[in-house]
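Per-chain numbering from 1; labels A, B, C and D assigned in written order.
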Amino acid sequence: MSFPLLTATAALPAVGAVATAAVPAARRTAAKWLALLVSLATLALAITVLVRFEPGGARYQLTESHAWIKNFGVRYELGVDGIAVALIALTAVLIPFIILAGWHDADPLETGSRRWRPTQGFFALILAVEAMVLISFESTDVFLFYIFFEAMLIPMYFLIGGFGDRAHAQGEEAAATQRSYAAVKFLLYNLVGGLLMLAAVIGLYVVAGNFSLQEIAQARANGSLHMATSTERWLFLGFFFAFAVKAPLWPLHTWLPNAMQESTAPVAVLITAVVDKVGTFAMLRFCLQLFPQASKWATPVILVLALISIVYGALLAVGQRDIKRLVAYASISHFGFIIMGIFAMTSQGQSGATLYMVNHGISTAAWMLVAGFLISRRGSRLIADYGGVQKVAPVLAGTFLIGGLATLSLPGLAPFVSEFLVLVGTFTRYPAIGIIATFGIVLAALYALVLYQRTMTGPVKPEVSAMPDLRARELVVVAPLIVLLIFLGVYPKPVTDIVNPAVKQTMSDVHKTDPKPSVEAAK
Amino acid sequence: MNPVNYLYLAALLFTIGATGVLIRRNAIVVFMCIELMLNACNLAFVTFSRMHGNLDGQIIAFFTMVVAAAEVVVGLAIIVSLFRTRHSASVDDASLMKL
Amino acid sequence: MENLIALLIAAPLLGAAVLLVGGRRLDRVGHWIGTLLSFVSFVIGLALFADLLGKSTEHRTMTQHLWTWISVGSFHADVTFRLDQLSMTFVLLITGVGSLIHLYSVGYMEHDERRRRFFGYLNLFLAAMLLLVLADNYLLLYVGWEGVGLASYLLIGFWQHKPSAATAAKKAFLVNRVGDMGLSIAIMLMFATFGTFAFGPVLSHAGDTSQGKLTAIGLMLLLAACGKSAQVPLQSWLGDAMEGPTPVSALIHAATMVTAGVYLIVRSGAIFNAAPDAQLAVTVVGAVTLLFGAIVGCAKDDIKKALAGSTMSQIGYMVLAAGLGPIGYVFAIMHLVTHGFFKAGLFLGAGSVMHGMNDEVDMRRYGGLRKYMPITFITFGLGYLAIIGFPFLSGFYSKDKIIEAAFAKGGTEGWILGGVALLGAAITAFYMTRVMLMTFFGEERWRNAPTPSPAEPSVEPAAETRGEHTEPHPHESPKVMTIPMIVLAVGSVACGFFFNLGDRFLHWLEPVTGHSEGHSPVSTWTVTGATLVCLVIGVGIAWAQYGRKPVPAVAPRGSLLTRAARRDLLQDDFNHVVLVRGGEHLTRSLVYVDHTLVDGVVNGTAAGFGGLSGRLRRIQNGFARSYAVSMFGGAALLVAATLLMRAV
Amino acid sequence: MTTQLAAYTTSTGEAFQFWVLGTVAVIGALCTVFMKKAVHSALCLAGTMIVLAVFYLANGAYFLGVVQIVVYTGAIMMLFLFVVMLVGVTAADSLKETIKGQRWLALLCGVGFGVLLFAGLGNASLKEFAGTGQANANGNVEGLASLIFTKYVFAFEITGALLITAAVGAMVLTHRERTERAKTQRELAEQRVREGKYVPPLPAPGVYARHNAVDIAGLLPDGTPSELTVSKTLRERGQIRDVSAEALNDLRALEQRAQERLERAAIEPATFKRPEEASK
């Protein structure tokens, strides 16, 4: 029995969350540092996972397995494949930056506002979310996954509903009401999804007799577990709906703009860059492995929905007046790409999708966090309130531009690789869909550059004339992300090497192979 | 005449009493209406005892009277304390679960 | 020797990184660092060139493999550079002209406090452009392709405080993005067809696949070329791109970047050779743009925009030539190079004029400048003679060849294309003479220059730059600016002759592009004669209009065509009405739909439950009597129920 | 045979009695419901109960008949009247419905319920009446007694307990706990002096003792009635009669006559109005 690395990785932030919450109210700064240290330690553990994981080895590695609820065959089973490792690394990398970016977001407000902001709570909640996300990436037991998939909602709810932007246009009260609206919407949406998934999980148990992903997948593969077509489809839909809500797929997306708009920028990043990834990840791991036939059956519809998400999200992003909403709709468009890549059922598509999850996490983090710094300076989310910032805060403007360029997937930055892989992967099997999706990149350029132009260029608005440039802490947050973007843009091999074997296995699960080119030009 | 008419009368009185309970606001009057209903029941019981030729019905009526008496005592006491606290005997004024 | 190739790109890339990350402490030396590094790159280019010349013709292709970029399943993209004659030519052009323009910018941007960043962007551009021409596969080329797009975005919008500049930059990037879409689709098609997108395999197997696929690839590549090279229908951004500083216009929007489309087409020659329909489309685009640009160039009063129009039409020549297939590839590239020289020279001259006229761009406020800035006058004049194809100057050779090739295509197509090319030559002569006359001859209209009358809508966004109306004091530019102009002038005079001496250029490039002598229906001398006649006609008309009678300081209303041409032949208005307005309406309605329909369903459900519970709550009104009613009603129902039971 | 027949129907005398008194009972019940004043309702109810007592007797429940009169009409109704007095005899509560739709619902339910009951009775086969002949063979009271103390003895005991509990409960409910010691006369006087208002005893009600003065406010020198003079209870019930205007007018007339006799000019020949009229 070796050292339970995965458990440790997930447990550390959980313990840290409790510890942070336990810090007495007066020692606010201590709590912050504690949270930061815990997240960094978690990062270290995640890196060890990354190192200990050998690509091309067994499908699930570092596995742990203990009986939990014997009567229902629920086991505490952990194990990671390449896809999970990549996403674990992403999560562990992003959380420290999120904590650092939100350093002052939960400080008690200046006198006159009646809202009490528990600083400890803020950071404890973030760590709790990290723990749950990590364990849902690690768990290979459907029931275990489901529990944390749902439990994630609780800390997220409080993070969204409890901590908004410092200054708000319509004042404290209006802000509070809108926040609670957003939080409740987030909760209800995901709960409905989770409910259906619960039904499907139970159904799966009734059919399969246990919850172990590996056993069921094997049984499915070697045909010892046969499902009636209709049963499989229903179960698939149950799972897929929950994941489609989490990783917002049109038309289940409307909770995301509200949630991201109302929460502080770091929390928004937490939502879109970390939590939502669980949805897309779960599609790749559970939907495809457990229900290959049904996945293939549903593919056309899902692809069309993804296509709609891409174009629709981009168009709406163009039409937004609120910076955060714009970013949210951009993310919806990107999630469309991810889902499209997953269900294109080609190795390029799925590797690209996984890579896309990582890159989108980093790029959105960079873009959104800089936007958050901008908003915290001016105290307004409206694009119209800005202008000429580039003149007074060139570094801020520069980083913001880089974030935008990453979002429009400029070659040389990480997102380009993944987006192109997804497009190619889709194109080789569904040319029409691939071509339409390509319009997404033009629209992406439109919203990213329009946002930059309206906020950063032009004559300097009097309100922003005194705006300070990025501070040291903020640079520490942004610079590494940008470096990461450039590095993964020119040398994505580390990620692809880890991801490719896992994708190959997933492809074999659904009995799909890449379409062959008509001319064998490649030597 | 058939003694069944007593039952009809009882039914009529009972209905009148019930309606009174529903449409009067004055707690005392409401109480009187309740008494009326009880009496109607008693009449029915007595008639039944005549019908069956034994005295059980009368016994029941007798008990009813006793219980009614107890009820009236307590009820009126409640009304009095209510009146003390809110200076009105209207049942509608006691529409909240607090004073 | 191959290992030097990476250094070509690395030098300017390093410069960009240093200058952009370095921060203010580099402000004083930044521009020299940038210039130095670009010269370093140029020297490396020369070394490689010498090395290449040393090799025998068939060994003149070097490749350098750096690392595997993307590898997923059969999808395999390497970071590999390929240096052959074609890319070598471009490398020399880019680094050479680029270095000169760096030097020029040192003087031109002297008074700009963001000069360091400007040089950073210039270096970034050089790196991206070199990557574009050195890439060994289409995906890597795509990186450079968008890289130059980014650089031009940054440089056009360099004066970001001007909304017009920011808008122009955004427009340029977006229009280019449309082209890039074409390129990416082409790459996808290649991958789906050939299973790879490296130059070697794709171009060698081009013949093996179906006509339709090749045509599709070709058309997508053409779309990309249109975007980057400002060809109809994606040409609208080039005029606005003149918002950028003049050196930028000279380097990016005249000499190098805009010619990337031609490079792409020539590089993919094998594909186009196998897809005649695509080739025809290329020639048509070239011919149309040729005339379009020329006409626009005739009407503009903004000197830079006039030159931009001419750039458009010259590139039209190149694209036309490239569309002609093996007959034209070489001449396309040749014209590209010569055009690189003289158009860069012309732009630098224009910049020098503006420098001396405190950033006045309206030619109607110039005039008689020849005695104030002689060097500028001479260099500009030489460039002028070169572009109109004055005998034995570079433009003469390259353009003539293209016209010949057009005729040589044969058939009606040949006649039409040749005719268009000839007509283009005449118009070129006209508008360039116009520019020349309005700027350097005639009376000095810049004295007590009147304010622009509001009646004439000034379409050039440079309008608000003519802020104060202090009378300009035209003066010659400093050495650091004039020297590059002189060098370029020499180039534009000499290189054509040099190239043609014993068809040097042809033999140099032939191994890559291939060449076939088309048999022209008309003899070479006839073509030359016809060209010269057109030239004379064009110049004559221009002289009659602008030389003899004085030029009005305020543009006359002009004919319908003139007014249309002033507005870029209404192409922008079309875009605005159809795309911008349409897009705005679409997005606005979509936002509405998202809020009312998609979100409305959700909120509606919630509101429904809320209302229901509210209504139910009203029943619990706290009145004992209404509770009593329900009790009584319930009792009645019970009685009814029992009775029914009995009845049943 | 004949006895059975006799058991079927009743004597015409009883029938006559039923119809007459039944009508009275129904009217009484209706009045109970619809009288504005609680007192009247109470009296009507008492009437109905007496009628019912008669019916008990007619049905052979002699004991109950008497109990009905003694306990109900005698004790309970009197209790009611006491409470009514406590709450206010003259307070007439309006029959205007305040809860929306309550009255109609109530009437609907009532009528529906009644109809159902009648229907039920109609359907039920209640033809045979054994009559209480044998049951009351050796005395109704004895019969009841034997039943109560044998068959229903437990119920009887429990009801007794219930009665006790009720009595105690009533006491608990109505008895107001004194938290502090009651103030003595002396303390009250000192408090009055300390507060400094109404140091003398409160002014007496009544105007020149012309009326039953308890519910008539005494007049201040300017002729307006002073609430202080009327007892608190009446004030709360709003049963103050204001007769200041008449009183003053009488006074006026008196003075005038006096002046006529003394041949003096009238000071001001004006008649007072009630304050509210004057204000109108």
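Quick note on the criterion: a contact is a pair of C-beta atoms (placed from the backbone, for glycine too) under 8 Å apart; a residue touches a chain by one contact, two chains touch by 3 or more.
A quick map from chain label to UniProt name: B = NADH-quinone oxidoreductase subunit K.
As the structure is a prediction and not an experimental result, all values here were calculated from the model.
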| item | value |
| --- | --- |
| Comparison of A-C and C-D by number of C-beta pairs in contact, larger one | A-C |
| Mean-CA-position distance for chain C and chain A (Å) | 37 |
| Centre distance in Å when chain A and chain D are each reduced to the mean of their C-alpha atoms | 76 |
| Computed distance of Cα centres, chain D from chain C, in Å | 103 |
| Inter-centroid spacing, chain B versus chain A (mean Cα positions, whole Å) | 70 |
| For chain C, residues that touch 2 or more chains besides their own | 621, 623, 625, 629, 632 |
| Per-residue multi-chain contacts in chain D, two or more chains | 99, 102, 105-106, 109-110, 113, 117 |
| In chain A, residues with contacts to at least two other chains | none |
| Interchain pairs in contact, sorted by label | A-C, B-C, B-D, C-D |
| Contact set on chain C toward chain A in their complex | 20, 67-76, 79, 139, 142-143, 145-147, 150, 153, 157, 160-163, 165-167, 169-170, 173-174, 177-178, 180-181, 184-185, 187-189, 191-196, 198, 201-202, 204-205, 208-210, 213, 583, 586-588, 590-591, 594, 598-599, 602, 606 |
| Chain D to chain B touching residues, read off their complex | 8-10, 12, 14-15, 18, 22, 25-26, 29-30, 32-33, 35, 38, 41-42, 45, 48-49, 52, 55-56, 59-61, 63-64, 67-68, 71-72, 75-76, 79-80, 83-84, 86-87, 93, 95, 97-99, 102-103, 105-107, 109-111, 113-114, 117-118, 121, 126-136, 140, 143-144, 147-148, 151-152, 155-156, 159, 162-163, 165-167, 169-171, 173-174, 176, 236 |
| Chain C-touching residues of chain A, taken from the complex the two chains share | 185, 188-189, 250-251, 253-254, 312, 315-316, 318-320, 346-348, 351-352, 388, 390-391, 398, 405, 408, 410-412, 416-417, 420-421, 423-425, 427-428, 431, 434-435, 438-439, 441-442, 445-446, 449-450, 453, 456-460, 490-493, 496, 500, 503, 514-523 |
| In the complex with chain C, residue positions of chain D that touch it | 99, 102, 105-106, 109-110, 112-113, 116-117, 119-120, 123 |
| Residue numbers on chain B that touch chain D, as the complex places them | 1-9, 11-20, 22-26, 28-29, 31-33, 35-36, 39, 42-43, 46-47, 49-56, 58-59, 61-63, 65-74, 76-81, 83-84, 87, 89-90, 92 |
